[in-house]
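Shared chain: chain A. Partners: chain B in the first complex, chain C in the second.
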Partner chain A sequence: MLLYFLIPWMFLILLPWLPQAKTRPLFIAMALSDTLQAIFGLSLGQSFHGSWWPSLGLNIALAVTPFSQPLLWLNGIVLLSIACTNQSPSRDSVFWLSLAYSGVSLAFLSRNLLLYFLGFEIAVLPFYLLVRKEGGTDRRAAALYFLAFSAIAGMFLLAATLTLVVHHITTFDSHVVPRTLQFSVYGLLLVMWAIKTPLWPFHLWLPRTHGEASTPVSMYLSGVALKVAPFGFLSFSSMLAPAIHHASSLLALWGALTVLLGSLLALGQTDLKQTVAQSSIASMGYVLIALSFGTSLGNQAAILIMIGHGLASPLLFLVTSRIYDLIGSRQIQDMTGLYQKSPALVSWLTVGAFAYMGIPGLALFPGEFGVVMVALQRDPVILYLIIPAMLFMAATWLRVLARVHFGHLTRSTSNVSSRTGSVWSAAWLGIPLILIGIAPIWWTHIWNWGGLK
Partner chain B sequence: MTAWIVLGMVPIVLMVFELLEVPKALSLGTLAAGLAILMVLFSQPHAVLPMYEHLLAPHQAIVIYQELVLGTALGLTGVLAPHQDRLASTLLMMATAGGVAAVSTNNWLMLFLGIETVNVGLYGLAGHWSWTRIGDEALIKYFILGSLFTAAEVAGIGLIGGIHGTLTIGPSTTGHSVLIAGLTLMFSALLFKMGSFPFHLWAPDTYEGTAWPATTVIATLPKIVAGSVLIHLTTSGVFNALPHLTQGLETIAVGTMIVGSLGAWRQRRLKRMLAYAAIAQVGYILLPLSSRHMGAASVYLLSYALTSIAVFGAASALSGSANPTRLDLVGVLDTGGRWFAATLIVALAGFAGFPFTLGMAAKLYSIEAVMHDSPVLWLTALLVTGFTFLYYFRWIYPFFAQSPKTDDSTVSPGINTSQLFALLIVGLGIWSYPLAWLTQNFL
Partner chain C sequence: MLGFLILTPLIVGTLGIWVPFKKMSGVIFSISAALFAFCLQSVIYPSHQDSRWNFLTLGGYPISLHWQSVPIANWMACLTTLINLLAQVYSAGYFSHDARRGYFQSVLLAFTGAMLCTVFGDNLFTQFVGWELMGVGSYLLIGYFRGETSARYAASKAMLVTRIGDVCFLIAVALAVIHHDNTITAINLHGTAFIAWALIGAVAAKSAQGPYASWLVDAMAGPTPASALIHAATMVAAGPYLLIRYTLLLHHTPGGLVTLMILGGSTAVLAAMGAVGSQEIKKLLAFSTVSQLGMMILAIGMGSPRTAWNLLVAHAFYKALLFFVSGIASYRAQSGLLSRMAGSLHRFEFSALFMMGALGMSGLPPTGGFLAKEALYQTASHGLDTLMLDLLLSFLGGAYTAKLVKALIPVKAPPVHRTSYGMLIPSYIISGLVLINFFWHPWVSVRPIFIEQTWPSLLSIGLGATVGAFWTIPFPLLTGVLYPALWRRINQLAGWTVWVDHTLVQGTLTIVTVILWANRLVRWGGSGRAQRYALLSGIALLAIVIWNIHV
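Coming up: the complex of A and B.
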């Protein structure tokens, strides 16, 4: 397990001394070896404990749980796809991205509250520099938005964590949290989840950041970094069961509202990257609905959506950036007839769009189906919000697909013919997306969830 | 006793060196060796002559503050070596001797003498390194305001001594209004030296006006001395006679954080940003004092000392006599000054409290100390901490910005001791044993 952390850390230490030309091969090597380490080196139940700052309640407690394992795999695969996609990465960007990667890994593995917070912060702060450095013309404001929202969310998480720590509750494994404490902690955490997941109306930073960020940053941010906060919900859920139970209908309603508004916002976009970003808000709304009830089916559905979304959204961001390379625009109206120019690219776009629409056979379907099942059992009212949302989401993506498949390409394409290699790097994300969608039951067996409940 | 005699002898030796006009390196070496020997001597258990015993505070934590002051001076010696001639060495040593006396004493008069010796050394250094009229103006401002608070100290000591009938520092027994007036004066003088709200107004102008080496000293030594004295006096109950002391300290701490971070946000020049950032940092030293938590305040003080020496040492090496804007820092990582830039990045991250730096642990100590207090207090403190990320990262960013290659940089390549402090910030942030040992055995 230590090797899993050591690989990125050694890479971070070595990186400033390496020549620029060696950055890309070593980044790929690091991502590949760490992904292999995550898949074959980390097995369920593995744990590591060490004392670090006992007087602060901050100790090293790492463990692989059934829910963290798939997310660790996702983490590796998304990083690997970014490493393969990025043709000429700058050294700074690779450094900050790897730092964020190690933070995310720490957050997924941590069983100590403060260690989770540290991972959370390491996964957040480098993104300010990443967004600020490379991206669209308005990236300055976008980076500021991101940092302001994230810093506030992080401090609410720290407030909740410290409240527990001063009551001598330092690990996620502790069961007894006094009732009076539960509700204040839950309230503080709710603010963090609302901002970081995000829930409407705290989502403002997300489309702005994605609109301006460069492709690798968008891919990693929406693919994995966005999952740290909802994963915290799962970790905290065993300690805060009564509070979660009390607030479940409210949170489910809030999540459903986010799903509906996210879908509507996505429908209203003319920019493909913004469409992907707004659709992410809807997907994360599903995650919070699934989590809000605290049932085992709900938790499993939440992880499945996170995995599905973690594969589909980087795939779509990747495809968007390739389309931009090809036609010099991200506007959907400029993409008419793109299929004639680049069938492979449009095929991957179709896979991603189908996943977002919740087509069976792709990874988002089992999760969204699970959400509907849970909602049907616990709170059927929110289905009145979810069903229209699904229709809007389908409409959003059908509109995009109709544009790219039919008609004649009017816009002059760039002379750079689509680099086939970079198109096929989408396979890193697309193939797992299909594999998980075809047979979710196999995967849940591998992750030892004891079958879908 | 040896330690104290050596402490008195080193400035005298340095003064003699000045008269003899020995090589600069010799006086600098003597200063550094003297400080190192003093650190060893003060760490050993030592007895003083019975006639002086009542002047020294009986706490065992005193040794930490003595070492902290001496260590800060040693760090300053290392960082400022290129600027230090014989006179500067003497003045720095004098200020240090005053600081050691101030943090160890149990007597109001000795405390006054100690703090004033620090001040005299500082005025001298600021004047010695002042090359422009703006520098002189900053010095005058610092001097006049400093003298005003010196007067407040004298008045406060007079009132306290008059009520207690003794100049020995001890817990207050009565709630006499004259005593309250005296303690208030003393308390505000210490807050002024730390650059804390509502007495922070001198700091930005003085920092901006003085030359980098003088700013480095002003930002560290007097704040460490005043901070140590304030921690020591507050936790031993000297200020208990002040009504609403806890609420007062809470307000001052949170106010200092808010004023400092709002001021630092959107500053255009590095030095002014650092001045306001340092004000915000002082808030975290004061915060645990509101629940009389000596350990947390001292750990933060230590972290502040290490980080600010690294920040100012690196910034001064990077900017020479200029006061850079963010644009001036673009591309420095590609020039010979890359090690200073790296130090500045690490140190700013340490100030912000990035994970795996000492600043992170110190901030956790500081805020955990008040977690049993009202939620308004700690939630405000936390949100301000979140806000501080905005300006620290705003200043870290330019180093990574893409830039056209410029080769007209005036940065002299190389390294100085500020890199050592950057390593300490990260090292102590990861290896917790030294701080854990310190807090368990002394604080």
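Coming up: the complex of A and C.
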């Protein structure tokens, strides 16, 4: 387990001393070895305890749980896909991405409250710098938006964590949280979840950041970094069970509202990258609906959506950037007849779009099905919000497909021929997306969720 | 073994869509033939087969794909694979010069696989998976002619409109899983009324009933072999098939059967009128499909699923035949308009192929359509209202068939274009099946029909034919004018959401700006210069004085 952390840290230490030409191969090597380590080296029940700052309650307590394991795999796969698809990464961006990666890994593995906070914060600053340094024309404002929202969320998380630490609750495994304390902690955390998940109307940072961020940053941010906050919900849920139980219907309603408004927002976009970004809001709304009830069905559904979204969303960001390379535009109406130029890209776009539409055989379907089950079981009223949202989401992606699949190329395309290598790079994300969609039982069996006879 | 039957076409078809490989047509032909052979063997030598695959266990609820061969499923699968095989052969002729033929055939094959998944499915989840994949398949098939705007519109509309039903279906599935109703029998015995209603909603959308009818009429933008498969034995036919499987559930759902009767009956009448008013051959056939599907649902609503099944089988044969022939005719006439089609068929083709289909469609002997219609007539004759409805349907059916026949009557000069055998051979085979269906009925035994009792329906068909042959006024029915309006409304709604977002951004910006200005003011005042301090204090003092003036 320590090796899993050691690889990215060694890489971070070595990176500034390496020549620029070696950056990409080493980045790939690091991502590959750490992904392999995540898949084969980490197994359920492994844990590590070390004392760091006992008087503060900050100790190194790491453990692999049934819910962190899939997310760690996702973390590795997304980083690997970024490493492989990024043709000429600058050393800076590689450094900050790897730092964010190690922070996210720490947050996923941590069983200590303050350690989780540390991981959470390590995964914030790099994105600010990355957007600020390598974004589009309006990158300064976007980076500031991201930082401001994240910093406020971080403050609330810190307040909640410190409240617990003051009462000598330092790990996620403790079961004794006084009832009065629970509700104030839950309230503080709710603000953090609302901002970082995000829930409407605290989502404003997300489309703005994605609008300006470079492709690898968008991929990693929406693929993995977005899952740190909902994963925190899972970690906190055991100790805050009564508070979660009380607030569940409210939170589910909020989540459903987010799903509905997120799909409508996605439908209202004319820019493909914005469409992908806004669709994320809808997907994360599903995650919070699933989590809000604290049942095992809901938690598993939430993880499945996180995995599906964590693969579909980076895939679509990647495809969007390749389309931009080809036609020099991200506007959906400029993509008419794209199939003539690059059928392979259109295929991958179709896969991603169908995943968002919830077609069986792709990774988002099992999770969404789980959410419908949870909703029917606990709070059928929210189905009135989810059903139109599903239709709007279908409309959103059909509108995109209606452009790329039909018509004739009107826009003069750039001379950059679609490099076959870059087209197949989508397979890094697309193939797991399909594999998980076809046979989710294999994966849930490996993650020890039970059920396979 | 059953699992292989379903997965082979799905996997090979999907692969073919993605990666075109050499000799694809040959591989697909042989798989189609093998599928049909297998299904035929399983109806001749029935054996109980069962394939179960655990898809997922979520929170302790098992969700599994479960296929089971029961007699009706075997027959339906046989029908589907047969029409698929014929459509594959037909498309070899239809697309003989098209480079994307392999792609088309792959989609057709995968589509058939999805239908088989629904047909053999023994729980709602399995049927739902096939149902959804059929939706994807229909999107690709209808949108085959990518250069045409009509194809884009029709494909998107088909997917989106059927999606409304799919969401209903999804909720039914989730409900069944939660209640541990994991087989069709369990759902039939103690499924809740909600499942029944959700299924009715799902079937209405997929089988183009009621307000959903227009997607199927627009779907004519797709190639003819695809239309033949979609109309005859997959996708839209899956709706009545599903309801036949869940008849018991519908029986103990209060109001369920009556709703089906009203839905099916009204759609059948309206669509038949739409067919009478059509100017294009494919549109006429599409309207007639909607009408015939309405009759099947009407039959289920009247409590006679066997009649519905008879209608389904007869319809599958004659509608596939009519599509095949209409494809040949419009290929020769270079037009799909009824007014330009005269003389596009040889005399022999007209009598041996086209008239068989037309007789079947109107419900005249010697075809399976006659027997199915008479069975419907017998079922309907229990009540005066249903009897009148059935006679009206016969009248309208006769009318639109007469219109079609009139348009295609051969003239002296034979058609100039030659047609490949790939298109003709499947037509002859299926024409023979329409005839055979007159004597032989899969799965059910038909009640004896006394020829002297059939005169009322025959009379109304004849009357309808007389009227229809001279009718030229179009009926603007079931055209789906509401959908573009609905689409605009949805986009408006999306626009408002985006506007709210912008307003929120502006609001946040305003707050930030105010804070920044306050910050600047404090820094400017607190810079240590006495003048600024005095000025600010003076302004503040003045403000307090003004505030406190009471005149």
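Everything that follows uses one rule, which is that the second predicted complex is superposed on the first by the 451 of 453 C-alpha atoms of A that agree within 3 Å, B and C clash if a C-alpha of one lies under 4 Å from a C-alpha of the other, contacts with A are read in each partner's own complex, and residues count from 1 in each chain.
Please note the rule applied: a residue touches a chain if its C-beta (ideal position, glycine included) is under 8 Å from a C-beta of that chain, and two chains touch if they have at least 3 such contacts.
Source: prediction; values computed, not measured.
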Fit or clash - chain C, chain B, common chain A: fit
Contacts of A:Ser347 with chain B and chain C, given as first, second, both or neither: second
Touched partner set for A:Leu12, first chain B, second chain C, both or neither: neither
Vertex chain A; arms to chain B and chain C (CA centroids, nearest 10 degrees): 160
Contacts of A:Ile60 with chain B and chain C, given as first, second, both or neither: neither
Touched partner set for A:Leu435, first chain B, second chain C, both or neither: neither
Touching partner for A:Met1 - first (chain B), second (chain C), both, neither: neither
A:Val191 touches, of chain B and chain C: first, second, both or neither? neither
Between chain B and chain C, more extensive residue contact with chain A: C
Which superposed partner A:Leu32 touches (first chain B, second chain C, both, neither): neither
Shortest CA-CA distance in Å separating chain B from chain C in the superposed model: 7
Residues of chain A touching chain B in the complex: 52-58, 90, 92, 103, 114, 118, 121-122, 125, 128-129, 132-134, 144, 147-148, 151-152, 154-156, 158-159, 162-163, 165-166, 184
Of chain C, residues touching chain A in the complex: 18, 54-63, 128-129, 132-133, 135-136, 143, 146-149, 151-152, 155-156, 159-160, 163-164, 167, 170-171, 173-175, 177-178, 487, 490-491, 493-495, 497-498, 501, 504-505, 508
Chain C partner contacts - residues on chain A that touch it in the complex: 201, 204, 207-208, 261, 264-265, 267-269, 295-301, 304, 339, 347, 354, 357-361, 366, 369-370, 372-373, 376-377, 383, 387, 390-392, 394-395, 398-399, 401-402, 405-408, 439-441, 444, 449-453
List of chain B residues in touch with chain A within their complex: 354-356, 360-361, 364-365, 367-368, 371-372, 375, 378-379, 382-383, 385-387, 389-390, 393, 396-397, 400-402, 432, 436, 439-440
